Amino acid sequence: MEFTASQIAGFINGKIIGDENAVITGVSPIERGEKGHMSFIAQDKFAEYLNTSECSVLIVSEKLLTKDSYNPTIIAVDDAYLSFQVLMNLYAEMQGRKSGIESNTHIHETAALGEEIYVGAFTYISEKVKIGAGSQIYPQVFIGKNVKIGKNCKIFSGVRIYDYCVIGDNCIVHSNTVVGSDGFGFQPSQDGYSKIPQLGNVVIEDDVEIGANCTIDRGTIGSTVIGKGTKIDNLIQIAHNVMIGQHNVIAAQAGIAGSATIGDWNQIGGQVGIVGHIKIGNQVKIQAQSGVNSSVKDGEILYGSPAISAGDFRRNYVHFRNFSEIVKRIDNIETNSKDQTNE
Amino acid sequence: MEFTASQIAGFINGKIIGDENAVITGVSPIERGEKGHMSFIAQDKFAEYLNTSECSVLIVSEKLLTKDSYNPTIIAVDDAYLSFQVLMNLYAEMQGRKSGIESNTHIHETAALGEEIYVGAFTYISEKVKIGAGSQIYPQVFIGKNVKIGKNCKIFSGVRIYDYCVIGDNCIVHSNTVVGSDGFGFQPSQDGYSKIPQLGNVVIEDDVEIGANCTIDRGTIGSTVIGKGTKIDNLIQIAHNVMIGQHNVIAAQAGIAGSATIGDWNQIGGQVGIVGHIKIGNQVKIQAQSGVNSSVKDGEILYGSPAISAGDFRRNYVHFRNFSEIVKRIDNIETNSKDQTNE
Amino acid sequence: MEFTASQIAGFINGKIIGDENAVITGVSPIERGEKGHMSFIAQDKFAEYLNTSECSVLIVSEKLLTKDSYNPTIIAVDDAYLSFQVLMNLYAEMQGRKSGIESNTHIHETAALGEEIYVGAFTYISEKVKIGAGSQIYPQVFIGKNVKIGKNCKIFSGVRIYDYCVIGDNCIVHSNTVVGSDGFGFQPSQDGYSKIPQLGNVVIEDDVEIGANCTIDRGTIGSTVIGKGTKIDNLIQIAHNVMIGQHNVIAAQAGIAGSATIGDWNQIGGQVGIVGHIKIGNQVKIQAQSGVNSSVKDGEILYGSPAISAGDFRRNYVHFRNFSEIVKRIDNIETNSKDQTNE
């Protein structure tokens, strides 16, 4: 990364105050600005950094500017946050998409690969796999037989996709995530547990992003489904036959047990557990570490393990924090009552 | 998968009602039946699907049949659930076991590989490794030196097995699980923590299945042991020197800390934590998200964090849910008591 | 491993009682001693094993010896625990560091590799990577472009390090851990969530050890930092822009949300969750499964979800366990009070 202030101003239609030739080679958070870096100021509470930042270039919302010159080169724009996002997206695109098939891959002759695809070294692509145009499969990925991957996907190093799974367009799957491992199903008997074959698959719809080291089990029969636009953080467990709708956000280390159904636009916090076979509606918020063990209606906000209404949980927890005091009050009442009785 | 109704009826000794040439190419859960798919009905509560299912073929428990003909082709059997399991197992076997050693593997010349073994591309097998007959080692697996793997195992892509670990017969280990990484042991001093060498190993007995992305640490000295027939879900942590007995079932994201001992036939729920150096008996059930911090006798059922008897936890939690009401009752009593005192 | 008692005594300057030619081929925990193995006794409570152990050689603290001869060969030392640690470290070093570059690697021509480095087969090293002298990169590792790794590091099989991340000297990263995957940042709109580019990196300072299957996300802008000497167990989530200081110990399955700041010398228990944007001081202890949702001062000990002072939590939880009894007391008071009123 190496840009001049005037190049940057050009991208976002900004007005330069200071040295238009100032060069930046990186970006910093505003609280830890570095020389040669760029940052942005969009809120009043960060305006002090206009005078103190070590950054060489600052993108600043016009309304926050009060002086004619500053130490860093200023690029004045309408909304600095928005302009910064535009820049970051531009930069991410500039990083370039990889293409071409590296040597030392294992690609079955029956696999059908789209145009402008990237396949990294040591990646294994099984029979009858289909991968859409523009998708990037990083090194050391495993793709089982009959898997379909759509267009413009990015599958990072170490991802494993078991047989027959389906991934839509524009999906991102981060390193070491496993898609389509066997669901956890066993038949108990006196001699032990015998395996129930897991013959379904996983279907991931378009525009889904899945973090690193997640596990998404295949359906026993039928599919485990992750709906369009849903975003999944790291180290998350999605069990067999879970059905997740569209535009959900699921934070790290959450787990969803078998055959649970999740609607649309829900926010599920970190380390949340959701038991099997229940139904979560739409626009539900579940606070971190909660344990949801019964179905949930649209729009509810839940907290606790087992989870109840978040407002109730917080009110009750205040009392839990004072439980010793509350018990002392009961002790006192009893003592007083005995005193009265003794009188 | 492509079978006719008459082929299927032959496998399970069923009676066909309808078109014996109906072809199925997949299976569906009964609630989401698809044309060209097969499903089953074994319970009265699903009997309505006899009339409404889109499936082309249904395996149905005889006693649920009331009419002479249905839209889908029916295969009548004694117990549809059992027959369906038989079919699924047959099908899973048909999928075929892989065999042969693919090109582009790294196999040390001192490794001893049994007959009819499969080794996928990019798999690394170190010196003095022994692998029993019929085992399938998928692509991109790492096997450290002196590791022993028994017969008929299935080690999926991306599994890492550190030096000296031992795996029995008929074991399944899913993708990206790590067996034998160093236990978490450090000696504190004023300057920091210094590493305590982890010189033991992991021993996995016969018939164990381990899910994806689990971590099973080697013993500091001696072994971390997972007993015969135990089944472990995804993203589970087993720390150094844990001893797990036979036929346990451990759900996703549970964690067991160092040197804990677990008996036989226990059921450990998802996201459960078990602290180090305690002893869990046999046939214990631990509810999801519980935290067990002291030893547990045979047959107990636990819930909560820290975990107590599940019955007690549930009863107490009902009061927690009403805590605000309970505090109001105490407020009232105090007010009344003051009133009386004032009288 | 094969040593005689006299060789071992030589390493730790011990005095042999018994057969100096006794051979050991392994080590056992004292509770499960095996013939041909060595163990140690440093505490009075294990002194009984002097008479009953199956071990061939025991290292024993001198003060615990009361007889002239024992069944196993004894190596008497001042402090058996310390001497055993010395031996284990010696042995770990003897295991030998790997060196050399195996065939079947993918190393970009612009990568700069230090002396006496090891690179295992199927490892992928991208452009402009720098790796310091003596570092060992095991098979099947992925290292993105411009990554820097210091001296004497050990990066186990299956680790993924994304572009631009930096790892210091003497670090250990266990299998399948992901360093530098994208932070979980999305801009919501009516149409769905759009990705906020994650353009920062991860900086891991010297002497850090990270367990297996962890995920450490890159900063959105700026770095996610793990300070010198910090030790991280397995399956841990460190979100974007988290700043972790020096000499922390973080147990398995803990998760730290975005932009949290952690000081020095803290102990964070297993399955703990720490919410984003808060500040944990120094020498804080957080009990397993706790959920920390506000900033924490130096030296505090926390427990519960949400976490409060551990002492308070324990006292309050005792009342929670007796909640049914407490409610009965309130019932009684109310009944008595009504009785009085009725009188």
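Think of it as A, B and C in the order they're written, each chain with its own count starting at 1.
Basically, a contact is a pair of C-beta atoms (placed from the backbone, for glycine too) under 8 Å apart; a residue touches a chain by one contact, two chains touch by 3 or more.
Protein names from UniProt, one per chain: A, B, C = UDP-3-O-acylglucosamine N-acyltransferase.
It should be emphasised that the depicted structure is a prediction, and the values quoted were computed from it without experimental measurement.
Considering subunit B as a copy of subunit C, what rotation angle in degrees (nearest 5) results from a C-alpha superposition of the former onto the latter?
Here the rotation carrying subunit B onto subunit C measures out at 120 degrees.
Is the contact between copies subunit A and subunit C built from the same residues on both sides or from different ones, judged by whether over half of the numbers are shared?
Different: when the shared numbers are divided by all numbers used, the fraction is under half.
Compute the distance, rounded to whole Å, between the mean C-alpha positions of subunit A and subunit C.
About 25 Å, centre to centre.
Give the residues of subunit A that touch two or more other chains, as numbers and ranges in rising order.
104, 122, 140, 158, 176, 213, 235, 253, 271, 305, 320, 326, 330, 333, 337
If you look only at subunit C, which of its residues touch subunit A in the complex?
104, 106, 122, 124, 140, 142, 158, 160, 162, 176, 178, 181-182, 184, 186-187, 192-193, 195-197, 199-200, 213-215, 217, 219-222, 235, 237, 239, 241, 253, 255, 257, 271, 273, 275, 291, 293, 305-306, 308, 312, 315-316, 319-320, 326, 329-330, 333, 336-337
Residue numbers of subunit B touching subunit A in their complex, please.
27-29, 32, 39, 85, 88-89, 91-92, 102, 104, 120-122, 138-140, 156-158, 172, 174-176, 207, 209, 211-213, 228-229, 231, 233-235, 246-247, 249, 251-253, 270-271, 288-289, 305, 317, 320-324, 326-327, 330, 333-334, 337
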